[in-house]
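Paired with subunit B in one complex and with subunit C in the other, subunit A is shared by the two complexes that follow.
Up next, the complex of A and B:
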């Protein structure tokens, strides 16, 4: 079966994010960018399913600026077969992402869409569930295990306090949580091979999708700093502070 | 204006975070209706009716709402959505699962995990793992909002509101609930605990977590962990405090052997009092701690337990 996987280009999670001095957004100029870690897990999952003979073709999609081609090449170096970039200039919010992806799904007819559970930049945690709703498909959000079983998939989801097991009909949308797998590293020969894999670039207008943002960001700021703390010499002093100063025990 | 709050519950009681979500709804302004959907959940509806600020409770009882599956729950909410200006749910694994389906079907851009309400259409939400706060304004007709519980105080008790029955929507048949494996513990839940004792990579092993558990039991505290401790296999995943785990804000958070990676700090830095115990004097956790102790945890923790 054919699988569609999505990847988002984000600021590297190990980079300290800085707010622009005018409060309009965060600094992205000359900052290291990378594939969203949850998207990496999604790509890895598709590849493992292909290696297991469950999946025949992996199409990887990204939405964003021209440089997202690099993110797609990374996914192809990991093992995806071909890429599609829906090239946009401005901000694309989750509802618009879901609409663009629906248009791609309508064209490509995959039996399964695997996405990251959330992007680590806007932390929205919406696109996968929204895509499933627009398609009228079942979903498995925050997935930590998936086994395809004919026209259904047995999935395990991470929920507060434990795990949940579902059987969902295919086609479906699955979003990857941290423990679904550990993504592989790309090797140099595979990076070279990925350069020859097909990568199609299309515009959202060609898909007939309106991607105008619905939320207006009025300002961004750094959270209030905590007051500077006190170093205590030993457990005795700590106990005294907690009892008489902080009054929490 | 009318606000619909979709409550998470265990059929008997409201889950932690629901009353905080109701406080957020009160701040948006308008009559608040709480929806309780589940199977044999009349007690939960009664609990919701007793929360201050709630004008009405809708009770929808059917087999296919037992697992709170996203497909059926979203369809139920969509059936009544046009009566409301705001549709609100806690930003827990419950709310995060079905709310985007509601938003997409209404052609609305959801506002995720708000930590403050500035105006009925304007909200503050953390982005970049809580390292940045964004103030956003929604232009959509209906606001679909999930609420980060730690940003709001829990609502108290009020006069009992009326409970009305709501007819179920037919099962979509897309997804079958197979069961849950919940970790069993006598300790309080992480997101509801007044005190949390958390361990990091410095704990060294699953066995060593026992000294933290002893401390937690003396304090009546929940036990948490950093992602490093979870990834090292010391404790199960649902112990994890951080951006990719649970967001907590207890009265007292004791971080033991935790260096303080950004993603962990994002999950606990709103705690009222933070104590850090670490033998590394350069540990970043000290930058957010109110009290810090540079000492070997295997000496300090048993000493602390004994002193209580």
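Up next, the complex of A and C:
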């Protein structure tokens, strides 16, 4: 069966993020970028399923600037078979992402879509759920285990207070949680091979999708700096300060 | 404790902008090294080094390799990391495609070696020696030996070692005594070899030793030494492993640094004699050994860059977090992190400037090696080989001597805490200390440079390099902002030329005087060649800044660093030049008995 995996290019998690001086967003120019860690887990899952003989082809999709091709190459170096970049210049919000992906799914007809549960840059955690809704497919968000079983998949979801085990009908959308697997290191021979794998670049207009933002970002600012602390004499004083000064209780 | 982060921005700058990867990728046989592949390779290697090798560096130092019942046990985690390293294909990066390697050029291999060595130098020595053994067998071994050993040495399922030193034969290998007695289609080896890096360990199933030994009736001295390949386990014709060879690890050394790397004493032939096969022709072993030693010397120079970088990152992390005192001139207010103190800044800049200069020079030598090997034009190949020959002792000698200095500065930035092992600053200094010694001491490098390279060819390559440095003057001239760099480089080049002329004139008449000035001359070469590369870097940075292209923060920092180098490091050239030309007399004037 064919699997579609989505990958997003984000600021490297080890980089200190800086807010742009005009408050319009965060600085991404000349900053180390990498594949969103949850997307890496999604790619790894597809590869493991291919190695197990469950999956026959892995198609990776990314939406964004031209440099997202590097992210797709990394996914192909991990083991994906081919890549599709939907090239865009500006911000693409979750609903637009879901619409673009729906168009790709209509074109590629995969039996399973695996996505990261969220991207570590905006932490939206929406695209997977929206895609499932647009497609009218079952979904399993926050997935920590998946086993395909004929025309269904047995999944384990991480929910508040425990684990939820479900069986969902395929085709379906699955979003990966941290514990689904531990992604492999890319091997050198596979980096070399990835260069020769097919990578298609298309524009959202060609898919007939309007990606214009529906939400307006008013301002992005740094979280307030932590001030110096004070010593309190007793619990009573602490409670008073929490009530009157910090106003948290 | 800091964590290693590969300096990919500067590495890319040197590879792409200072050297030009496209020129190398255009060479026959180097087509795989396109800019996008190099980017991906650097990213993934950095990730592997940061996540797998770096966390084992301190463990390796604290625990060290251990000898238990004749077997060497690598520190915890090393065997697993080595398996991952080999499985990821890193061992075969520069290996030949016919044996499963990727055939990538040195301009990729050297930066990767920097990354591995920064993350964990003791670990990195093992694959480094393996590649040396590969090189020697690839160039000099018979097709049979190549078929037997090269695939496993490429994949890294076996590792390699170099067995040169004996207790009485250190820098002077003519004193080698190990015997090789012919027996059928092979030889029986008897003797003791010392200082064998990763000579015995439990990370792989077989270890392939290259051993220098004498056959019966061989001429005395260096002309009677042959090279043998001696495996830990004999390899059957079908490629499977047979009998354990007659080689024992009798002890491992207690060393100042690189504790994780077992430095073995190997006893060959205590029983019947170890089975070995001759590599190439008899009595040409030392010559064969030198073909790979030149590459290995560049590799050790790279270790100098790598340890300097790691020590810098460690010190920088401390300088940015350690709060101590108020800023100079402030009597009240908050205390500041020590990076705000001018002398700490000076130390950090001195580390940074030297690292960037050394990196640029070492990668330039790697690129010259690629051109010497792959360039379609005969003259280009010849000129680049001459450049590599000239630069090799400089990169090895200068980058390692400076590494000791830089790592020591790293300790200094930590103050008293640097002298305490807990902060980890001292490990880099201890690890760096070997780099000026092995693969030929700084003195040996300097004698090689002065005797075999400069005097032998009457300074031809040195003069060509000096001419290239002078040619930069015209490019630097129009930009007033670069004037201090231009002036400093011109003075350095003059000092280098004067010293070179003196050496060429003095060597034939008084080789002792030339040898007494050899190390100062080597340092002079390194400092001026580093200044040359920094000036080139400044030019590129200035152009990019003027055009407002690319990473302006990086380019402006590069420009400042180049100014620092011109003002703090390059002026040392004049003093070294003076020492070279005037200083030999006092070195040699005392009688030995007067010491």
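We take it that the second predicted complex is superposed on the first by the 228 of 249 C-alpha atoms of A that agree within 3 Å, B and C clash if a C-alpha of one lies under 4 Å from a C-alpha of the other, contacts with A are read in each partner's own complex, and residues count from 1 in each chain.
By definition in this document, contacts are C-beta pairs under 8 Å (C-beta built on N, C-alpha and C of every residue); 3 or more make two chains touch, one makes a residue touch a chain.
Everything numeric in this text was worked out from a predicted model, so none of it was measured.
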Practice prompt. Sticking to the clash and touch definitions up top, decide whether subunit B and subunit C on subunit A clash or fit.
Written response: fit
Item to complete: Figure out whether A:222 sits in contact with subunit B (first) or subunit C (second), or with both, or with neither.
Response: first
Discussion item. Just checking: does A:70 make contact with subunit B only, subunit C only, both, or neither of them? Give me first, second, both or neither.
Written reply: second
Practice prompt. Considering only the touch criterion stated at the top, classify A:187 as touching first (subunit B), second (subunit C), both, or neither.
Written response: second
Item to complete: With both structures superposed on the shared chain, find the angle between the C-alpha centres of subunit B and subunit C as seen from the C-alpha centre of subunit A, to the nearest 10 degrees.
Response: 120
Worksheet item: Can A:50 be said to touch subunit B (first), subunit C (second), both, or neither?
Response: neither
Worksheet entry | Contacts of A:32 with subunit B and subunit C, given as first, second, both or neither | second
Fill in: Greater residue coverage of subunit A in the superposed arrangement, subunit B or subunit C
B
Worksheet item: Which of the two partners, first being subunit B and second being subunit C, lies in contact with A:195: first, second, both, or neither?
Response: second
Worksheet item: When the two complexes are placed on top of each other via chain A, what is the minimal CA separation of subunit B and subunit C in Å?
Response: 7
Worksheet, complete the sentence: The shared contact residues of subunit A with subunit B and subunit C are none
Worksheet item: In their shared complex, at which residues does subunit A touch subunit C?
Response: 14, 29-30, 32, 34, 70, 73-74, 77, 185-192, 194-195
Worksheet item: Where on subunit A is subunit B touching in the complex?
Response: 11, 13, 16-17, 19, 26, 93-95, 98, 120-134, 137-139, 141-142, 144, 154, 157-169, 172, 178-179, 213-223, 226-227, 229-236, 238-239, 241-242, 246, 248-249
Item to complete: Could you pull out which subunit B residues touch subunit A in their complex?
Response: 67, 69-71, 74, 92-94, 96-105, 107-113, 122, 125-140, 173-183, 189, 191, 195, 219, 237-238, 243-244, 246, 251-252, 262-263, 269, 272-275, 286-295, 300, 303-304, 307-308
Worksheet item: Hey, which residues of subunit C end up touching subunit A in the complex?
Response: 5, 8, 32, 34, 36-37, 39-41, 43-44, 47-48, 51-52, 84, 87-90, 92-93, 102, 550-551, 553-554
